[in-house]
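The next block holds one structure in the form of structure tokens; read it before the comments.
When the chains are written out, they are named A, B and C in that same order, and each has its own residue count from 1.
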């Protein structure tokens, strides 16, 4: 009998040790994730002279300054980059939504010859990596004289075969009877789409919007190819520009202030819509 | 091996975190399960029967009370050391393993001096598979089997390590009606052949009554009655047990004792000497009604349903607490009807009185 | 019927137009570019068709460097990030308290701008005239020699690159694996416990097979993603990746296309097609391996 009690006690001790180790490891990685954020905020509120005066950087500062933030907006055109990114993100997402909703509806509900062949063709396009087509797109946009315009920035990224697929699957789950009932009642296709399908599939649409917004906000490659006029820089390009020519290479506090300003909107968005975003990403997101 | 439960109590913290009270899932359960018997734990959902099973298996720890397997106190023993077999409601067969691998899985865990060779494991697995008649499907994956076959594999997996106690959680609820009948006979047969002490949980009273040596009826964590199925059916200790057992369910009326006689409405339906005058609740089993011209109990006939072997008389009565009365009578029996009223004599053994008023 | 069929195509029209212009046409075009020898982007003329572009790219030391960098990055980061994510997810799955907090924190890198946070990593690892950088000071305290991780030896730069890549890709993997683990029916674990299954065996024989489809999905997407690495490198080492010796295949493609070294769409196309072929081959190998080891 004592034997079992001993086994039980040992198992309990092992459990406690296991839990402790788990928490230590989890906390370790949490610190690894958080530390760069802490460091960027910390560096951004140190004065230029104190930052460069610290051979051994201190882990806090008693005299925070906001001068770096003022510098970030005045020395380089951070406000402009911000506005550009906002316009780019909103416009791309809005146009894309229209395009993919119409296409998904056509595939899910409308009956037309060649539908399944067209859908198969669409699906096969999902395999094509962006890197392959970006070369010609660059040449096309250049030839059309659309470099350094919002049109040029937006055009190639307003369709996504994957999102059409995601939405079509979701539309397909709505019982066809609803569509037939609407037809019998004399509801037009467009009205049905907007009044019935879109509201029912709102969660998926929100997912798509979230993923697209994150993608737009962080996009770097295409904007870099297509803009060399700082008036059309997005934040990513702005950051790169700041790094290479901005405040003078050594003004790291001002650089960090810019980094904070750029990172904050998405982090706030994430903290507000945490559940939705994580759900959305696990349903249909990859990074890259 | 006999299993003894002594003042077993389990409380859970309330799910609603704002309320700091506790929920008592099992309350002061004392029972000795005799060696080699098949016991049915029966009750509506949320009555604590599954918690009781989890306490016996060790997956849950009791708040207070003791559990003995034979003479051993296993209250604080981890489930893996108890030597039990557990069959889950959804079978929990490992979908990526074949039937053989599933059945062998518990044996492969044996360590030290109990360690078996692959050959012995295979033999034991096949032997158990034969017992549950699944030996033809050893190389299949669970998804390629029917529900009934999956159930047998689950039982084989639980039995293969020769457990001292076999526990089954709602073993038949995932099967269709025809398979359910067949499988419950199967469980009975396997239990008899192995002689393993078996406890199973169900909410289906017919299932419990048909195969158990003893049944335990539970409600709100409290044991209502323990006994042989027929005894519990014939002598329910309270209204709940009376209502819970039997299909169609028992008919319940408001009644009273007056001068050693039992009245429902204005009619005296039974003489019961020595009962004090008081209001009571009267329960009459559907098979307790005998249609008769001069019956003592008058009801308003609604309809007669023919069911082949017997007929179901549907009637109503002003003192009946339910929506309708159902009486089961033999199909060759006359049912005299006058002005929409039907009269019955009653079998006194099928009439129960309870002091609780519903 | 005529009106009806016309309507379906009408709804599809915007998508078809965009895809035709920016996906199908470029796809054909890139194949053409890749075989046009001596293409001149100013005069838009070329000499002849052939495989010279491929042979040029394959003999270009910059491309070979990029190829090597990319392969090292892939081989290190894919297993390491998947393994770490699995470990963290298992940890997350075993706790109740603070779980949501940890999950939220772990997800943060997903929603940050790769370029922006890359700068933070740069200053943490970089040695300047003013300071050795935090990481080097840390190495000092443990008695090591300080290294410049950004402008120093190759292995140091590769280390930062891998570390940053893992930091960036972990959130997605942790998210996917945590939900995969949460999706395993707890009854399997109870059954295993009753059968006295040791922890490690429970993991290898039950947990891992159950989540194998998701692990496999992560490995496939991880390979594809790592082969396309680019902006993390730019974030750490600047746009002139060739000079830093840290270019990637995708970086090579863009450098050929644009910037100081640009103006060679033919070479860019050839390099992009080589990348596509590599990714396709690896994915194909992954698929055939998975057929043996992934359940369901």
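The rule is short, and it goes like this: a contact is a pair of C-beta atoms (placed from the backbone, for glycine too) under 8 Å apart; a residue touches a chain by one contact, two chains touch by 3 or more.
What you are looking at is a predicted structure, and each value in this text was computed from that prediction instead of being measured.
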| item | value |
| --- | --- |
| Far-end chain from chain C, centres as C-alpha averages | B |
| Chain pair with the most C-beta contacts | A-C |
| Distance between chain centroids, defined by C-alpha means - chain A, chain C (Å) | 16 |
| Centroid distance [mean C-alpha coordinates] between chain C and chain B, Å | 57 |
| Shared-contact residues (touching 2 or more other chains) in chain B | 81 |
| Complex interface listing, chain A residues touching chain C | 18-19, 22-23, 25-26, 29-30, 32-34, 36-37, 39-40, 43, 52-57, 98-100, 102-103, 105-107, 110-113, 115, 118, 122, 125, 128-129, 131-140, 155-156, 158-159, 161, 164, 189, 214, 217-218, 220-221, 224-225, 235-236, 239-240, 243-244, 250, 252, 255-256, 258-259, 262-263, 266-267, 269-271, 274, 277-278, 281-282, 285-288 |
| Partner chain A, residues of chain B touching it in the complex | 72-74, 76-78, 81 |
| Chain A-facing residues of chain C, complex | 4-9, 11-12, 14-15, 18-19, 21-27, 29-30, 33, 41, 84, 87-88, 91-92, 94-95, 102-117, 119-121, 123-124, 128, 130-132, 134, 137, 167-169, 172, 175-176, 179, 221, 224-225, 228, 230-231, 234, 238-239, 250, 253-254, 257-258, 265, 268-269, 272-273, 275-276, 279 |
| Residues of chain A that touch chain B when the two form their complex | 1, 4-5, 7-8, 11 |
| Complex contact set, residues of chain C against chain B | 185, 187-188, 190-191, 193-198, 201, 205-206, 209-210, 212, 295-296 |
